[in-house]
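As C-alpha cells, here come the structures.
In the two complexes that follow, subunit A is the common piece, with subunit B as its partner first and subunit C second.
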Partner chain A sequence: MDKFLTFTVIGLSTSAIYAVISSGLVLTYTTTGVFNFAHGAQGMIAAFAYWQLRFAWGWPAPLALATVLLVLAPLFGALLERVIMRGLADASEAVRLVVSISLLVGLIGLAQVIWPPGESRPMSTFFAGRQIRVWSTAVTAHQLITFACALAVAVGLRLLLHRTRIGVSMRAIVDDRPLLLLNGARTDRVALLSWAIGASLAALGGILIAPAIALDAPSLSLLIVNAYAAAIFGRLRSIPLTFVGAIVIGLTEAYLFGYLPTGNTALAGLRLAAPAILLFVVLLVLPNRRLRTGVRSRERFPCPTRAGALLFSGSVFVAGIVMATTMSRPDLVTYGKVFSFGIIALSLVPLVGYAGQISLCQLSFAGIGAVVMAHVGGASGSPLGLVLAAVVAAAVGALVALPALRLSGIYLALATAAFAVALDRWVFNLPAVRIGPLRLRLFDLGSVDVAPLRLFGYRFDSPRAQMLLAAGAFALLALGVSAVRRGRLGRRLLAMRDSEAACATFGMDLVRTRLAVFTLSAAIAGVGGAIYATQLSSITPGNFDLVSGLPIFMLVVVGGAGMVGGALFAGIGLQGLLPALARLSSLLARWQTIAPALAGLGLGRNPSGAASDVTVALAPLRRDAPVLGAMLAAMGLLWAGRLAGAFGGWPFLAGLVVALAVAAAVAQHRAGAVGAVGAVDAVDAAGPAPAAAAATATVPAPAPVPAAPPATAAPPVPALEWMGITQPWTADAVAALDRVLGLPEEGVRGGAAHG
Partner chain B sequence: MARLTVEHLVVRFGGCQALDDASIVAEAGHVTGLIGPNGAGKTTLFNVISGLVTPKSGRVVVDGRDITHLSPTKRGRAGVARTFQRLELFGMLSVRENLLVAAETQQRWARAGDDVAARVEGLLERLGLADVAGELATSLPTGLCRRVEVGRALAAKPRVLLLDEPAAGQDDAETRSFATLLRQVAADDVAVVLVEHDVRLVMGSCDVVNVLDGGRVLACGTPDEVQHDDAVLSAYLGAGRPA
Partner chain C sequence: MTAGRPDRPPLLELRGVRAGYGEVEVLHGVDLVVPERCLFALLGPNGAGKTTTLSVIAGLHRATDGDVVLAGRRVNGATADQLARRGLCLVPEGRGIFPNLTVRENLLMATHTGSPIADVEARTFARFPRLRDRRGQLAGTLSGGEQQMLAMARGLATDPALLLLDELSMGLAPILVEELYGLVAEVAAEGVSIVVVEQFARMVLGVADRAALMVRGRVEAQGGPAEIEGALSGAYLGQ
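== the complex of A and B ==
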C-alpha cells in the first residue's frame, strides 16, 4: 500500500507537469492551427535559461523564475508567432510541419551550442529536502509546488477562456476563423497572446521537470511526446480532457516504474517508451476522419521523362566515380554517406512527394535494414542481407502503416514519431528476442559490427568501393522512383494526394494504395540503412533515433519532395555540405545542427523546394548541346588535371562549380536570345521541363549549387512580365497568361455578366 | 426496377436542415434533372449518394442493392461516379493522366481486359480535350476543368453518373454539344443525374426533372410539367430566378 501511494504521488506530479505543458500546446494549436512540435523544445530552452540564471549566476530563485516565466518565455513565444508562424496561415500541412520540426531541431542545436553537452549542470528541486507526510507517504515540497502550478494553470485558463473577452475570441477562432475575421476580431492579437502564454506554460513545465531528468537538450525536448499524448486525449481541443490524459499517462508511467520487475532490460526500455506507445494507441482510437477533398497545394513538381531520369542517374553515378577517384581516404569515408543518406531520403519521395503522406520514422526503417544487414549479411557480407533488409523493413513498414492508415497530417506525423521513439528507446535496446524457433538479434545491447557487402565474389571493403556502391545504388533506386512516378502507381499516388474523395468515386482502394506506398518507402529506407551500415561498419541505436531522422524529412521537403533531386539535396546537405563546413571552420561545426533548421524555416517562401528551381534553371542548359558539351569537356579536363595531381581538392571543386554556373548562365542567355521569338514558348518550355536536376549531380562534392535557389527561379517570370512589351499583346498571350496564373477566365466573364 | 432510387433522405448540419425527406428516382437511359435555388441541398444529395455525407435516415439503392452503408470506394465500384461542383481535379497530373488514373483503377477492380489507353484517347476526343491532354489539369480555365471532371467520371464506366453543374463556365456552343454528349451517354445504359442552373440545358436534355427546395422535392415531372407547376414557380420567384 505504501508503495502504491508513493508511486501514485510520483505519477500525479509527473501528470501535473504534463498537463501544464500540454495545455499550452492545445492553446496554441486551437488558436493558430499550428501544431507546435517545438513546444517541448521551448520548455527545454527555458529550463536551461533558468539554470543559467539561478545556478550559474546565482540569482535568487523567485527573480530567476519571474524573469524566465514572465519575460523571456512570453517574449520568445510572441517572437516566434510574429516572425515565423504568422506566415504559415495558408501553407500546406507538410510545410507547417517542416517549419515547426525545424524549430525543434534548431532549438536543440542552439541549446547545444550555448550549453555544450557533456558538462554536468546540477539543478536542485525547489525547497530541496523539505517534505510533508500524507498518511504513510512523503510528499516533497517540489511536488506540492508542482500540484499547485497545475491547479493554478487549470483555473487560470478556465477564467481566461470563459471570463475574458479575448479568451472568448480564442475559443471562437477554433470554430470559425473567417467568420471571426468578418466580425472584426483581432485574430493577430489573439494568436500573439496564445503563443506567449503557450511559451510560458512550456517554460513552467520544463523548469518543473528538469530536476527529475537531467538537463539534457534532446531528452527534455522529447518530453513533448509524453505531453503530446495527453493533448491528443483532448483531441487537441479540450483542456479538461487534456488534463485527464495527462493523469492517465503520468500514472501509467509511474506504476510501470514501480511494479515492472527490475533487472529485465526488455521491460526497462518499455517504461521509457510507454508514453510513445500510449500516444500511438490514443491516435488509433480517434474517430474516423473524413476523406480529404480540395487540397490545393502550391507545390508543382514536373513529371520526369525517361531521358531526364536516365540523365540524372547517370550524372549521379559519374559524380560518384569522380569523387571516388579524386578524394582522399578520410574524405571518401565522410562523403560516401551522401549517397546512403540520399537513399534514405529517396524513400520519402514516393511517400511525401507523390502521395502527400507524412512519416517521421524513415530512419527507424533504415535502422531495421541496418540490423538485418549486420546479422543476416554476417561476417561475409552476404547480399542476402541487403535483400532481407528491404523485405523486413517493408514488412515492418506495412505493420506500422496498417493502424496508421486512418490518420493524416499532424496525427500521422505524431503516430510515426511515436513509433520512432518506441523503436529507439525500447526495441533497439532489447537483447536478442526469441520468437518460437526464431532468434532475433538487434543491437546486442550496444553496437554491432557490419561487414562490407560481398557481391558476385567482390568485396566492397575499401571506402572507394563503398562510395561507388552507394552512388550506384542511389542512381538505380532513383531511376526506379522516377519510373514509379510515370507509371500507374505514381498516378494513383498523386491523385490520392490531391483528392481522396475524387479517388473514391471511381473505386480506388485508398487503404491499399496507402499501404503500397508505405511498404515501398520502408523497403527503400531499409536498403539505404543497410548500405549506410556497411559504411559505418559499426552501428548503434543512436545512429537511427528520431532526432537524427528529423533533418532528413526537413531537407527532403526543402529540396522538393516530389522529385528525386530533392533526395539528393538532402543527402548532399546533411552528409556533404555540413561536414564540409565543419572542416572549414570549427566555429561552423558547432552550428551544424542549426543549419538544416534554418533551411526548413525558410521553406514557407518556396513550397516546391529547391530541386524544381534547379530543374528550371538548368533546363536551357540541357537543351543546349554545344554549351553542355563544352561544360562537360571543361569538367573532364579539370578531372584529368586533378587525377594528374595538378591541383588540390578545393580548387577542383571550385572549378567544377564555376564551370556549371558559367555554362548555365551562357545557356540561359542563348535561350533568351533564341526564345525572343515567343515569350509564351519560353513559359511553356519552362513549365513541364523534365527532371534535369541531373546536372546538380555532376558536382561531385558538396557543392553550394543546389542550396542557392533564390536567383534561379527567374526564367519564366520575366517572360511573363515582358509580355506585350517585347511582343504584341494578343488574345493568345492573354490565354497563356491565364493558364500560367491558373485563372479561371470564364469565372471572371460569368461574374461580370451576373453583376 | 430503377437504376438509382433514393428514399427519404434526411441530413442535418448543426441547425441547418440540408435534406428533409428527399426522394428521387433515376432510370437507366434517362437524363434526370435536379434543379433548385442555391442552398436547396442538391450537392448534399449527391454527397449522400456517393457516400461523402452520412444521412440521418433514408436509403440509397442502386440496381436493387442497398448501398447506404457502403464506403465511398465501394459505391464507386457499384458504378456510382460523379463530378464535383467545387472541382476536385488532380492538379499535379495532366488532363490525360486524370482520365487515365480513373480508367486504370476501374480496369483493375473490374478485372477487365480492355485497352485503357485507347479508351482514354477516345474520351478525350469526345470531350474536346485532345488539344490540352498534356497540360496540367489545374492550369485550364474552369469550363475545361469541368469537362475534365466529366471525362474522369466517364472513364470509370459508370452505371449512375452524377453531374454537379457541369456546364457552368461554358459558352452556348459548348453547352449545346454538351447536351448532345449527355444524351449519348444516357443512351449507353447509364442513369445520368444532372444538377444545373442553366435552364435551357436542363429543359433541352432532361427526360425528367426534380425540383428541390429547402431539402424537399417540390415537384417531379417532364420539363414541360415542371415549368408550369405553381409550387415551382413560387419557389423560384421567392428565391430569385436564376439566369
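== the complex of A and C ==
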C-alpha cells in the first residue's frame, strides 16, 4: 500500500507537469492553428536559462524564476509569433509542421552551442529536503509546488478563456479569424498574447521537470511527446480533457516504473516508450473525422516528363562517377552518404509530395532496413539482405499505415513520431526477440556490423564502389518515383491530396491507395537504410532515432517535396553541404545543427521549395542544345584536368559551378530573346482584345486559329491550371490539355468544334 | 433622402477599383457612390464580384488599383479591424457568427468596436427577444434564422456609420428574409447608411433608396430602384 501511494504521488506530480506543458500547447494550437512541435524545446531552453541564472550565477530563486517565467519566456514566445508564425496563416499543414520542427531542431542545436553537452549541471528541487507526510507517504515541497502550479494554471486558463474579452477572442480566432477582424479585434495582439502565455507555460513545465531528469537538451525537448499524448486526449481543444490525459499518462508511467520487474531488459525500454505507445493508442481510438474536401494549397509541382526524369537520373549518376573518380578516400566516406540519405529522403516524395501525408518515421523504416541488411545479408553481404530490407520495411510501413488510414495532418505526424520514439526508445534497444521458432535480432544491445553488399560476385567494399552503388540506386529509384507520378497511382495520390471527399464520391478506394503509398515509401526508405548501413559498416540505434530523422523531413519539404530533386536537395544539404561547411571552419561546425533549421524557418517564403526554382531556372538550358553541349564539354575538360591532377578538389568544384551558372545564364538570355518574339506572335495570332479571353474561357474557342507557330517561336506555355485564363484560349491549349489528360486528340478537337 | 447634403463628400466612394485572386482579376474597375443616410442595394448575378467588392471596402481584400474613399478619406491599405473600429461593419455572407462561442460571448466580441457589453446586450435582446433565452447556448447550435439575427445584432447594436450586409437571404425561409429586410429598412430609417448585397434583387428593390447593378466585375448601372429594375433581367440573362 505504501508503495502504491508513493508511486501515485510521483505519478500525479509528473501528471501536473505534463498538464502545465500540454495546456500551453493546446492554447497556442487552438488560437493560431500552429501545432508547436518546439513547445517542449522552449521549455528546455527555459530550464537551461533558469539553471544559468539560479545556479551558475547564483541569483536568488524568486528573482531567477520571475525573470525566466515573466520576462524571457513571454518575450521569446512573442518574438516567435511576430517573426515566424505570423507568416504561416495560409501555409499548408506540412509547411507549418516543417517550420515548427525546424524550430525544435534549431533550439536543440542552440542549447548545445550555448550549454555544451557533457558537463554536469546539477539542478536541485525547490525547498530540497522539506516534505510533509500524507498518511503513510511523504510528499516533497517540490511536488506540492508542482500540484499548486497545475491547479493555478487550470483555474487561470479557465478564467482567461471564458471570462475575459481577450480570452474569448482567442477562442473566436479559431472559429473565424476574418470575422474577428470585422468585429474590430486586433487579432495580432491576441495571437501574440497566446504565444507569450504558451511560452511561459512551457517554461514553467520545463523548470519543474528539469530536476527530475538530467538537464539534457534532446531528452527534455522530447519529453514533450508525453505532453503531446495528453493534449491528444483533449483532441487539442479541451483543456479539462487534456488534464485528464496528463493524469492517465503520468500515473501509467509511475506505475510501470514501480511495478514492472526490473530484471527484464525487454521491459526496461517499455517504460520510456509507454507515453509514445499511449499516444499511438489514443490516436487510434479518436473518432473518425470527416473526409476532407478540397484544400487550397500554395504548393505547385510540375509533373516530370520521361525525358526530364531520365536527364535528372543520368546527371545524378554521372555526378556520382565524377565524385567517385576525383575524391580522396575520407571524402568518399563522408560524401557517399549524400546518395543514401537521398534515397531515404526520396521515400518522402510520394508520401508527402504526391499524397500530402506526413510521416516523421522514415528514418525508423531505414533503421529496420539497416538491421535486416546486417543480419540477413550476413558476413557475405548477400543481395537477399537488400531485397528483404525493402520487404520488411514495406510490411512495417503497411502496419503503421493502418492507423494512418484514419488520420491525417498533424495527427498523422504525431502518430508517426510516436512510432519512431517507440522504436528508438524500446524496440531498437531490445535483445533478440523470439516469436515462436523465429528469432529476430536487432541491434544486439549496442552496435551491429554490416558487411558490404556482394552483387554477381562483385563486392562493393571500397568507399568508391559504395558511392557508385548508392548513386546508381538513387538514380534508379528516382526514375521509379517519377514514373509513379506520371502513372495511375500518382494521379490517384494527387487526387487524394486535393480532395478526399471527391475521390470517395468517384468510388476510389482511399484505403488501398493510402496503404499503397505508405508501403511504397517504407520500402524505399528500407533500401536507403540498407545502403546507408553498408556505408557506415557498423550501426547503432542512435543512427536512426527520431531527432536524426527530422532534418530529412524538413529539408525534403524545403527542397520541394513534390519533386525527386527535393530528395537530392535533402541528401546534399545534410550529408554534403554541412560536412563541407564544417570542414571549412570549426565555428561553422558548432552551428551546423542549426543550419537546416534556418532553412526550414525560411520556408514560409516559398512553399513549393527550392527544387522547383532550380527546375525553372534550368529549363532554358535543357532546351538549348548548343549551350548544353558546350557546358558538358567544359565540364568534361575540367574533369579530365582534375583526373590528370592539374588542380585540386575545390577549384574543380568551383569550375563546375561556374560552368553551370554561365551556361544557365547564356541559355536564359537566348531563350528570353526567342521567347519574347514568340509571345508577340501569339498575341497577334489570337487577335481580339484581352477582355475576350475571360469571356471565352468557359467555352472552347470556336474561332479558327492559325496553325501552330514553328517550334522555335513557341509561346511560353502557361501552367496547366492557367490555360485559357492568363492567355487566350487556343486550339493549342486544347491539344495540350488533351495530351495531359490522355484523351485522343482528334476526338476532342471534334468536340471543341461542336462547342 | 436619397442624396446626402451637397457640401459633404459621399459616405462611400469607389473609383476604378480593381481586385482579384492570384492571377485572376475579378473586379475590373468598379465605380460606386453611396450617399449618406441611404439604403443602397448592390445587385448582380452570381459571380459578378459583389462579395469581393464588399471585402475590398471592409479591408479584408486588397484592391490592386483604384481608390476606396470613406467620408472623403482614401482608406486603401487600412486593415479590416482598423476600419471596424472606425465604424464600418460588414456582416459577411453565410452566418457571420462564431459557432463555438456562446451567444453572449459572440456579443462580447462585438464590443471590440468600443460599445460597452451592457449596451450591446440590451439593444440586441430588445430587437431579438428570442436570443435572450439562448444567451448561454453555443451559437453553432442555433437555428439558421437565429444565427442570422445574431450576426445582424452586431451591426445593429454597435452603431456603425456604414453597415454592409452580404446576402442576408442565403439559406433562409422567405418569411424570415422578409422579416429581416423589414428590420433593415427600420434601421435605415433611423439614419444608418446601409449597403445590401443581394442575388435575389426584387426583394431588396422594394426597400432600397438607390441601387447599382454589377455584371462581370463592373458596375453596369447605378440609380434609383426603378431604373435598376428595368435593367435587371437583361443583366441576369446575360444579354
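One rule holds for everything that comes next: the second predicted complex is superposed on the first by the 678 of 755 C-alpha atoms of A that agree within 3 Å, B and C clash if a C-alpha of one lies under 4 Å from a C-alpha of the other, contacts with A are read in each partner's own complex, and residues count from 1 in each chain.
Criterion: contacts are C-beta pairs under 8 Å (C-beta built on N, C-alpha and C of every residue); 3 or more make two chains touch, one makes a residue touch a chain.
From a predicted model like this one, the values you see are computed outputs, not experimental measurements.
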item	value
Touching partner for A:G58 - first (subunit B), second (subunit C), both, neither	neither
Touched partner set for A:R488, first subunit B, second subunit C, both or neither	first
Touched partner set for A:P261, first subunit B, second subunit C, both or neither	neither
Touching partner for A:S169 - first (subunit B), second (subunit C), both, neither	second
Contacts of A:G645 with subunit B and subunit C, given as first, second, both or neither	neither
Which partner reaches more residues of subunit A (counting touched residues only), subunit B or subunit C	B
Partner chain in contact with A:D509 - subunit B first, subunit C second, else both or neither	first
Doubly contacted subunit A residues - partners subunit C and subunit B	none
Contact footprint of subunit C on subunit A as seen in their complex	162, 165, 168-169, 171-172, 174-176, 178-187, 694, 722, 725-726
Touching residues on subunit A, where the partner in the complex is subunit B	290-291, 293-294, 296-297, 299-301, 303, 488, 491-492, 494-495, 497-499, 501-510, 562, 687-688, 738-740, 742-747, 750, 753-754
Subunit B residues touching subunit A - in the complex, by the definition given at the top	50-52, 71-77, 80-82, 84, 86, 88-94, 97-98, 100-102, 104-106, 109, 134-136, 138-143, 145, 152-153, 155-156, 168-170, 243
Interface residues, subunit C side, partner subunit A - complex	23-24, 58-60, 79-81, 84-85, 89-90, 92, 96-101, 105, 108-114, 154, 216
